[in-house]
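Which chain is which? They are A, B, C and D, in the order written, and residues in each are numbered from 1.
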Amino acid sequence: MKVGVVGANGYSGIELIRLLLNHPQIKLEMLISHSTKGEQLQNIYSHLSGIVEKTLEDFDADELAARTEVVFFATPAGISKDLLPECLKRGLICIDLSGDFRLKDPQEYADWYHKDPADAALLNDAVYGLSEINRRQIQGANFISNPGCYPTATLLGLAPVLKNKIIDLSSIIVDGKSGISGSGKKAIIGNLFSEVNENVKAYKLGQHQHTPEIEQTIEEISGEKHAITFTTNLIPMTRGLMCTIYATLEQGFSTRELLDHYEKFYENSPFVRIRPLGTWPSTKEVLGSNFCDIGLNVDGRTRRLTIVSVIDNVVKGAAGQAVQNLNIIKEWDEQTGLAFTPIYP
Amino acid sequence: MKVGVVGANGYSGIELIRLLLNHPQIKLEMLISHSTKGEQLQNIYSHLSGIVEKTLEDFDADELAARTEVVFFATPAGISKDLLPECLKRGLICIDLSGDFRLKDPQEYADWYHKDPADAALLNDAVYGLSEINRRQIQGANFISNPGCYPTATLLGLAPVLKNKIIDLSSIIVDGKSGISGSGKKAIIGNLFSEVNENVKAYKLGQHQHTPEIEQTIEEISGEKHAITFTTNLIPMTRGLMCTIYATLEQGFSTRELLDHYEKFYENSPFVRIRPLGTWPSTKEVLGSNFCDIGLNVDGRTRRLTIVSVIDNVVKGAAGQAVQNLNIIKEWDEQTGLAFTPIYP
Amino acid sequence: MKVGVVGANGYSGIELIRLLLNHPQIKLEMLISHSTKGEQLQNIYSHLSGIVEKTLEDFDADELAARTEVVFFATPAGISKDLLPECLKRGLICIDLSGDFRLKDPQEYADWYHKDPADAALLNDAVYGLSEINRRQIQGANFISNPGCYPTATLLGLAPVLKNKIIDLSSIIVDGKSGISGSGKKAIIGNLFSEVNENVKAYKLGQHQHTPEIEQTIEEISGEKHAITFTTNLIPMTRGLMCTIYATLEQGFSTRELLDHYEKFYENSPFVRIRPLGTWPSTKEVLGSNFCDIGLNVDGRTRRLTIVSVIDNVVKGAAGQAVQNLNIIKEWDEQTGLAFTPIYP
Amino acid sequence: MKVGVVGANGYSGIELIRLLLNHPQIKLEMLISHSTKGEQLQNIYSHLSGIVEKTLEDFDADELAARTEVVFFATPAGISKDLLPECLKRGLICIDLSGDFRLKDPQEYADWYHKDPADAALLNDAVYGLSEINRRQIQGANFISNPGCYPTATLLGLAPVLKNKIIDLSSIIVDGKSGISGSGKKAIIGNLFSEVNENVKAYKLGQHQHTPEIEQTIEEISGEKHAITFTTNLIPMTRGLMCTIYATLEQGFSTRELLDHYEKFYENSPFVRIRPLGTWPSTKEVLGSNFCDIGLNVDGRTRRLTIVSVIDNVVKGAAGQAVQNLNIIKEWDEQTGLAFTPIYP
């Protein structure tokens, strides 16, 4: 199956390329980058020397329709909103890795992204591609809005306790810690090595655009609308993301009981791994892979549950989940092309 | 004034040495390390070549009493409990950087440190050296128990809101992020570069020995006893510690109002700096210095306060605060020998 | 084909496991670790949770012979010397990743490794597994001594100019820079994050045990015996190794001419990639892959050639080349199970 | 003494500020940054909160002359060439940290910097501020061209062997390894954390602008003109620079003999420290300080000398040496304001 990647020159784009090269059903056909069209991708990214010999092309929906069946959009916010509808119209399967189609309410997009929202009807058509939770809706879909990195880790960590009055839904606090690749390949002072190295930095408190995405999905799963407290921090590593989630238990569950519940909840989800009692995951344990690893702790003294959820932000938090969603759409085995063992050390 | 450092071969020990070398009133007289006695310190730490030409000595309370007036203990938990009383008896001023004398209740020490506690009477004598909060008790004291790194950042962040029903004291959650030097110079697998680099790791959930220390001081300040939720994470940097503190507001304060309150609370505390509205500190901004920088955010949607508090764990979180306490004891200017500009980048 | 890995608990061991899991012809049958026998590997390495469910076993040559056809030794120096002959005797294909069988002269081993050498007859039987150079000898062999990490990068960089009087063989200087994983999973002070981070350290000048290995192979290829100058440096990264090689040209070649020569020399070697004129490789461009990337510069002012050669020390410098050698032995496609795209960023 | 800093917003500029704040004879009077004039420096650099409360000003030679006695130029190449002469004319002491006045031959500047050179007469007036070597010329001078970071480490490492036929001057090869702060605060892709972290990158082979600076000084010291081979590498750290220098010995000196010679050569240079036999320096051992630490190894097998020389590139390689030069000009103690103990770990 031939595919195109729009935004092939960014970090999510080249990670998609790495994953798709490993996928037995996929042929990379078109690599699109408006800003660097006409250049050989391997001249920009030497790690692809001799592996990808394609030239970057400009976006052209007719070309895409003629040459591919599936298009991934790995573009910054505000781009796919305009380009993706052109591809949908031409019958292509579209998977958007940006935030443009994640929020159902256009006003929320405007409020949190400070950009013009996509067309409301299209927002309704997009299936939110949180693979483990929305498998049924994803199957056979032709338009997927891929979740953000923080929402993926947070929602997979929370999903098993969002129903049945296990936790107080108004008590949720998420403390996120992310590697710098999450902010993309942007030449700004804040992303320089000298600024990021040997440093941890809190940013966008109360303003992060992933907040309404998390709240919307909590509402979809639980049926209740609640605001969360969400803090994000940049830590000095390239890849990897951890969300530490705090919530008050409504009932007196033990860590052991909740671990059993999580194991059962994810028993058919090969990419979610639950850590044994008394241990918690670290991001390096999922590096380069599509896993989301989760550990739990119930503090009897405060009756609070702490959930630690880790992913590789560029894989499960972006390109990997996009490929997983394509696997689900096409009813291929969910792990097709994604069975990477994490790289350690 | 001549001083001795017990545990001169550890990371807190050599940081004490760096700071004391810069102190106009101090002369380093005895450097003590049981495990490496007889060696030249500069042969172990080449960065001290030509700067410190002293030989490490074994602990000997009589020698210390004969040659020094002040002794710093930069030893692992379980050591100063036995050695420090010998120095106190001989009339020396003792400043303990370990956890041995921080908890007033011996049983709590036994429960959280899994070691035998110090003598209960001595525990009562120790003044808890959180400089900005306990200045009056520290003045003229001869026995200081220096706070832990996480408690320092947490308590300085929380102190201004612990009274007057500003926050719900039962709602406090602390998410700590620390550089690796905090775990000392221990040759264990978990501290290896290959394990720590490009990694963030949650550890000791619900079990960290700094938990009762924070709770004890919250009680001392507020008059109320509450359990907190406290999570610690190792991040890939050498120095620096951030505590992100969450609490529910009892009253509808704005961020602006609370910032003013913090500014006023710390107006005579030169080492505490409050960040302007809409900005939050990063650890690199205090690197190598004795500052504690604090930023705030009130989320109107959840009525929760988020406090971001950063220190250099080896300075304000250990050696720097110890020197600050000596300055207070002797009624020297609090910044004597500690006016380091943070190193940036 | 069933294989065993001796030393499965070390960094080369777990990297072998990552690569072998991806190999279509291989089944991991026995994982051997004397020190942690009886433990589940995934309990030591959480990144393997749900991927490798085997228990570590003790070394037993009869068991290995009964259950496997190939044994990899990923053991520290001084171990395989005794264990490997037992496996050879029982008809197993043996691939040794340690230094025990690399030097043909037992005295050189004793001089540089400060350990007792292997049996001289066995040393003669071992085929030096520098895949691109010794393919013919490797085919059908049953006993491979896998090259060291520095020798692999150095010798692949030098091989095209070792004959035909291109360079003065007595002028070779190698400046090596390596990530810390090269020193293995050893809990020593020098490998701690706090010591390695934000640091570059020269070590073992004139004493590194890879020196005679490089010189021996230079002699084998060129027919001439020369001493080299070899300096090694630890730099603050986990994986990756660069050798910068200096040599005086005997003839007035341009960079362009030498690049053409290198391209031709390696035209049938899919894992060696030559950088275009005016560009040089960086280690991240081969991360997680079996590539060796090489760039050149001729400085007309000094008539010196500089060769920059990079590998992932744990892959092409250890586990990857071992698997490549097995592919060559069995006459499978050399890239079988090794077609990893480097991970970037 | 009141001083001005031109380029106060760059990394060398803020390091100058850190050092000058610690200098008992200095008062920071004017901080100049064309691009950010009118802003408070502490609003750009939060680590200076409450420490530097000055507003950045635009360059104005008359103002500088009215308010200061000394001006430091911490500007990118091509700026001080035009601004500094205006200050010299007005009688100010000028210390230039850029490359604009280092090369005596304007054509060499044009060839290596690809910019227009400064006025040839001015080039002749500038005293090259390699403090330990040119002390006499620096005393009482009013115009100092401060050396580059690589030349400082290289020339201090080489100076003791440049005379008396100790080494073959035509055999010098320098392999430099630098932290990223050396490339300044430039928002370019190549300086991003995601590109630099877990990476080592060779750059500008045969083209680095510090090459002619090193060669010019070798000629000044030795009286002979020779080309060197000079390779530069970026390694994943913020601060620190190591030059590994290779040269063939003309005479059969032992490491021991050369170490004695170096000790004697630098006996009146408090910032140069020579490592004992069999040990070599690492960059962390000079972090934050003005030291240059040097280790040696003679390889009897190749009769080559290897010199390992490390500095903090922002201190001894830039701002620190500039302050040291001011100390020498004014005949203050050379260590005034510079007696920083390196920060470890």
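Miscellaneous remarks
Everything that follows uses one rule, which is that a contact is a pair of C-beta atoms (placed from the backbone, for glycine too) under 8 Å apart; a residue touches a chain by one contact, two chains touch by 3 or more.
Just so you know, these numbers come straight off a predicted model, no measurement behind them.
Among the remaining chains, those touching chain A and also chain B are C, D. C-beta contact counts were set side by side for A-C and A-D; A-C has more.
A straight line joining the Cα centres of chain C and chain D is 38 Å long. Rounded to whole angstrom, the centroid-to-centroid distance between chain A and chain C, based on C-alpha atoms, equals 36 Å. Look at where the CA atoms of chain A average out and do the same for chain D: the two points lie 45 Å apart.
Looking at chain B, one finds that residues 11, 181, 185, 194-195, 197-198, 236-239, 281-282, 284, 287, 345 touch two or more other chains. Put simply, chain C touches chain D in their complex at residues 170, 173, 175, 177, 179, 194-195, 197-203, 205-206, 227-229, 231, 233, 235-240, 242, 244, 246, 280-284, 287, 295, 297, 299, 301-302, 304, 306, 308, 310, 345. Chain B contributes residues 11, 14, 17-18, 21-22, 45-51, 181, 185, 197-198, 238-239, 270, 273, 275, 279, 281-282, 284-289, 293, 341-345 to its touches with chain D in the complex. Residues 11, 180-181, 185-189, 191-198, 236-238 of chain C are the ones that touch chain B when the two sit in their complex.
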